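Same chain, two partners: chain A is paired with chain B first, then with chain C.
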Partner chain A sequence: MTVNMKKKLSESILDKFSIDFLRSQVLKNAYGNDDTVIAKLDPRVLLAWYLVVGLVPWFVSDLWFLGACFLLVLVTTKLARVAGLVLALFAVGVFSQTGYLFIVALFFGGDVSTAAPLLVMTLKVATCSLASVTVFSGLDPDRLSNGLMWYGCPERLSFSISYAYRVLPMLMEEFQNILLSYRLRGNPPAHETWTGKVRYLVYQVKIIMQAFYPLMLNTAKRSRTTVEALEIKGYRYAAVDKQVKRMKLRTLQVTTNDFLFLALSLLWISLAMLGSALF
Partner chain B sequence: MDLAKKQAATQSQKLMVFVLTMALYGLATLFTELIPKFQVGIVEFSVEYFLFIPLTLAMLFDPLSAALGAATGELVFSEIMLGQFGGLGELEKFLTVTIGVYVAGRLVRDPKNRAMVGVAAIVGTGLQLAMGAVVDICKVQFAVEDFEAVAGLPESVFATEGFAFANDLLFSGILFCMLPTMYLVPKLYGKIEPLLGMRPRDGQTSLGGLSPKMILACVIGFVAAVASALIADGGLPLIDWEADWAESGAAFSIGMVVAAALAVAAILVIKIKARSGESVEQKA
Partner chain C sequence: MNAIEIQNLTFSYPAAEAPVLRDVSLTVEEGDFLAIVGNNGCGKSTLCKALNGLIPHFLVGDFSGSVKIFGEDTLGADVGALARKVGYVYQDFENQIVRPTALDDASYACLNYAMEDYEDRGREALALCGLQGREDDYVFQLSGGQTHLLALAGAVSLRPNILILDEPIAQLDPAHADRIYGVLRELNEKHGKTILVIEHHTEYIADYCKHVLLMRDGGAAWKLPTREALQRVDELQACNIFPPQVTTAAERLRRAGCLPASSPLPTTVEEGKAIFSALRYRGAGKVLPEKTEAAEPAVALRNVSVSYRSVKGEDRKVFRGLNLSIHKGEKVALIGSNGAGKSTMMRLMVGLLKPEAGDVQLLGQSILRRKTEDLSRTISLVYQNPEQMFIQDSVRADVAYAMRVRGEADWKARTEDLLRRFRLEEIADRDGRLLSGGQMRRASLAIGIALNPGILLLDEPTANLDIATRREILRTLTDLKGVTDTVLIATHDMQLVCEWAERIVVLCEGGVAADGPRDAVFGDRAVIERVGIRPPEIFTMGQALDGRALCYTVGEFERDFAEA
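So, the complex of A and B:
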């Protein structure tokens, strides 16, 4: 029975990891939630908020404060309606950063006392990564790159963000097509026996590597087209021109909602500080 | 004629290389972020490194653009897009990837020489991995208070990091960086350059090997990477926040709570007023 269950489990996990699923999750994460409370906030305000919530917990070891910060970012993540895949990755990431260290420390003769400093560290890591999940998944890419640009990030970076979100679905599709054509023409080794399975795995990995050869050539052509199109529009001059930047950033507007968000966060954090001072 | 003399590519060609590397390596890192790692005993078989992509491109084109493109691609696709942006800590990865790829790209004078390509690929990968391991050890050493006092922790950190480095270099480094690069570089040489409107790299157009200036720049970059990683992890408590409100005590906190509550109330009043004003306007 357990074997059966294991088989089912691995099948359902494999189902989840098809390229189509990934594509839809990434797209959903990028464009699927621009009607949330978080997405409507001004990107500049949200980035400033992230700078505080994502940085300050590193310098504080007060448990009240850390707990309050964690709850705050938990609520904002919920409000931002982040895609499930991203949250799963977050959980794995937090564990792999600190959880495994705890297990290895136990292995080397540590005991439960090892857990206390690591627990605080885990709380810090979790708070900071959830804050970044809120900001970077909650905002849609164009607003995010505009916000970053306002803070003086290089134009290259904001261009890369906008470009990446647009080109990724295409690239994924192309990669999948190449893989499928390799599979159509290829003759995979039989994989009933154990050695056959290993050979099959090696074969798969080899195909993935080889698929990058046509992909590189295709992408080279595409990136030349992209850059030439950008050049026609005078991209390299516009990127450093102050007037163009001002025109681009004119759409950003701070509203009362932004102030309310900041004030509520401040209220919550100061309540936590009061709690730690009193008890 | 003039073009042949010039070592470097034109600005727009550099941008092309940047975009190309960013898109390809970004896609690859996105996959690695999502592909589950499978572990056999303590040895981890992960497709951790698609580093062969930027390595290949850095050997064929302008190394600096390819290196920066790779680092940016990783940052944008796998960190920002998946909401895993780690703030200042990302600077460390950005710099180590840039240095590793750039050095490997500079080492290759003749892309048709398979041995040269293979050595450069493994040197670049090893450099990147070694820098990552050093940064990681420093990070844990400074981040956890009383590092030495916690039983079993120092040994475990050195053991895991050292083992991870050796494992990554021997497994991922050879299988996923060196071999694919050795396969791809000679195959792509002379085919991919015309697509970007460039001359293939040869003895004349190569940038030359390592120079002291470049090594100095790399060392500075590495120091910056360590510093950023440490600051990001709060190894150096730049600001002693705890003392701030512990001394002034409850009065200070109450003041803050009152101020924040007042701010919330004021903003709410403004909002309600604005809304009622709107509805009055609509009625009128």
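So, the complex of A and C:
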């Protein structure tokens, strides 16, 4: 029973790391959650909110305040229905930043008092990361880039963001097929023994690096059409046309929901500060 | 008024030895539906790019002569102004779509040219192209045919009076192809658009186009009304264009004296009914082959279920409890509409994809626990897109790769042998991606059989090829006899199916809808209608003349209807 489960678990971990899975996660992350509360907010409001929640915690050490911020972004992340892979990356990221220090400290004879400052640091990192996750993966790339444009980011940047999301799935599929070519025709070292496993890992890393060369050439071939099509579609004209920018930004609209969202966030943080002052 | 007037146009790309277009003069009237035909590399695409101003404004080179669009010289206009008069849909249309949702992409050009009503224009274009109700769909949710319609909508939204499409149906099943041409016909007849298509499928030209332009060696050989043009059988064949099968059959029968010498040649099945009416069917009718003892199964799928993750909502089931055995020595064609699971099945067989439930067996052994690279001596897959098989910097290195890394003793000699067999010697040192379509296919076949696999799987080996190159691939497949005896081909190309396959497997709705020799599959009208496949035109012609007739090639038709 347990052997079977173990096998299942290892299989599912392998399965999770296929490029196919990455591709579906990227798509899910970008477009799979456009009907959430967060996605419907005005991107400018959300960016402003991000500036506060993502920046202020760095300068405050009050545990009440940090805890409240952390809970707040936890809720917004939940509301944004962020893809599993991003959350997993977040967890690994936070741990590798500070979490391991905590364990190391305990190991070398530290106690809970060592943990307190580390906890503060971890809370700060976690809060800022989750705030970023909410904003950058809760909004679809297009709304995000429109929001950035309103704050004066150049048109080229905002186009790049939404175009990257358009081509990324295509690129990943292409990359996957090239890797499959290597798998079908290659001859990886046997990996039953421990040294074999190391050699196999080295082999795989080498293959992944080699696969970039055909990927680049195939992409270059594809992009010939894209460049011509962009020219026909007037991309170059639009980049210098103020009128076009105005038309694009006209779609942005602040609604009552946005005010509600800001008000609730503010209320929650004020309550936390009140709590901190009282106790 | 003339939509297009070209006078003595000559163009060469920089650093090219010879001009691509030589002294082309051509007029196209407003409201025409013109098919442009010609050999690969005869300048068809270049001509079309000269019409929307990409040449000479964006792609520079030596340009002389003049191109006028509704009286305006393209030299004096810029690409932006011309884009509103001439819409262009590329052959690799998916690279032309730059925005995430359908409405966004359809209205993108209008937004860029600062048209206040850009959204309305986008909606209108989507409706014209039959994509109403899909405005908010993401691009990756659309099927191949719908993506093509979206690329068309992106061009239509600027309300150009001329639309140019480069090989619009090369990768589509018949149902999707009909839909594209149906939309084009409506744009042409109801909305008065002038339409130009580069097209190899003469059956579609006969059904939809008004005129045909033949390009030869960079020049315009002639422009004639479709019926007249398609009757010039010899001239077309000399340029590797194959007229509709009914036309070819009639031409041969006329030459054999079975039709009067003065008889016109039919270009569609409808016309064929009248012209062939005097012919009598003399064939043997349906011959059901005797059941032979099945050889041992080479590949077997047992109760296989597969589904794909989708971005939203339910996962998509591709197969539900599917069973299929391919036996040693069989030549099997795998057919079905776009998305029926042909490629998925091939990936299952080589172990690139694991089924959710069920078992995949190779020579009687389950492959689920085996490593993909161990299977490659037994079974090999040639992708639909040959570019993805080129992982080295020359054709020679690519052919040698699998043998070299496995340390085959005579890999050098075998590589040279394969290069010779597939006529790749002259191009052996070039990068595979830079070859022509036919050369790329040949190279990918050589790569596919390098390890001498007993079973070969080919995914759409003739997609995007002109008919001459398709014939060449067919010849190469016949040559494979003795190297690999079991071959499975997934394809939409019914002529290939009928000329080559001994067994046909039809996939539909997650299972096998029909399985058997061609008479059993194409002879069963109920199956054909249910799964949306279409037999070759000559088969339909034979059926229209006599219900007993089952002819799959022009040669068979000629034999069975030889005497009046």
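Quick notes
In this text, the second predicted complex is superposed on the first by the 237 of 279 C-alpha atoms of A that agree within 3 Å, B and C clash if a C-alpha of one lies under 4 Å from a C-alpha of the other, contacts with A are read in each partner's own complex, and residues count from 1 in each chain.
Please note the rule applied: contacts are C-beta pairs under 8 Å (C-beta built on N, C-alpha and C of every residue); 3 or more make two chains touch, one makes a residue touch a chain.
From a predicted model like this one, the values you see are computed outputs, not experimental measurements.
In the superposition on chain A, A:172 contacts chain B only, with no contact to chain C. Within the superposed three-chain arrangement, the count of touched residues of chain A is higher for B, of the candidates chain B and chain C. In the superposed model, A:59 makes contact with chain B only, not with chain C.
In the superposition on chain A, A:132 makes contact with chain B only, not with chain C.
In the superposition on chain A, A:160 makes contact with chain B only, while chain C stays out of contact range. Of the two partner chains placed by the overlay, chain B and chain C both lie in contact with A:217. When the two complexes are overlaid on their common chain A, residue A:226 makes contact with chain B and with chain C alike.
Once chain A of one complex is fitted onto chain A of the other, the partner contacts of A:278 are limited to chain B, with no touch recorded for chain C.
In the superposed pair of complexes, A:188 makes contact with chain C only, with no contact to chain B. Within chain A, the residues touching chain B in one complex and chain C in the other are 30, 163, 165, 210, 213, 217, 221-223, 226, 228, 230-231.
Partner chain A is touched in their complex by these residues of chain B: 11-12, 15-16, 18-20, 22-24, 26-28, 30, 33-36, 47, 52-53, 56-57, 72-73, 75-77, 79-88, 140, 143-146, 150-153, 155-157, 159-160, 176, 180, 183-184, 187-188, 191-192, 195-197, 232-234, 237-242, 245-246, 249-250, 252-254, 256-257, 259-261, 263-264, 267-268, 270-271, 274. Across the complex, chain A meets chain C through its residues 20-21, 24, 27-28, 30-32, 140-142, 162-163, 165-166, 169-170, 174, 177-178, 180-188, 210-211, 213-214, 217-218, 221-223, 225-226, 228-235, 237-238, 241, 243-244, 247-248.
The part of chain A that touches chain B in the complex is made up of residues 13, 17, 22, 26, 29-30, 54-56, 58-62, 82, 85-86, 89-90, 93, 100-101, 104-111, 113-114, 117-118, 121, 124, 128-129, 132-137, 144, 156-157, 160-161, 163-165, 167-168, 171-172, 175, 205, 209-210, 212-213, 215-217, 219-224, 226-228, 230-231, 236, 256-257, 259-260, 263-264, 266-267, 270-271, 273-274, 276-278. Residues 52, 54, 58-59, 79-80, 83, 88, 90, 92, 94-100, 104, 108-109, 111-114, 116, 118, 138-140, 154, 309, 311-312, 350, 352, 372-373, 376, 380-381, 383, 385, 387-391, 393, 401-402, 405-407, 431, 433, 447, 450-451 of chain C are the ones touching chain A in the complex.
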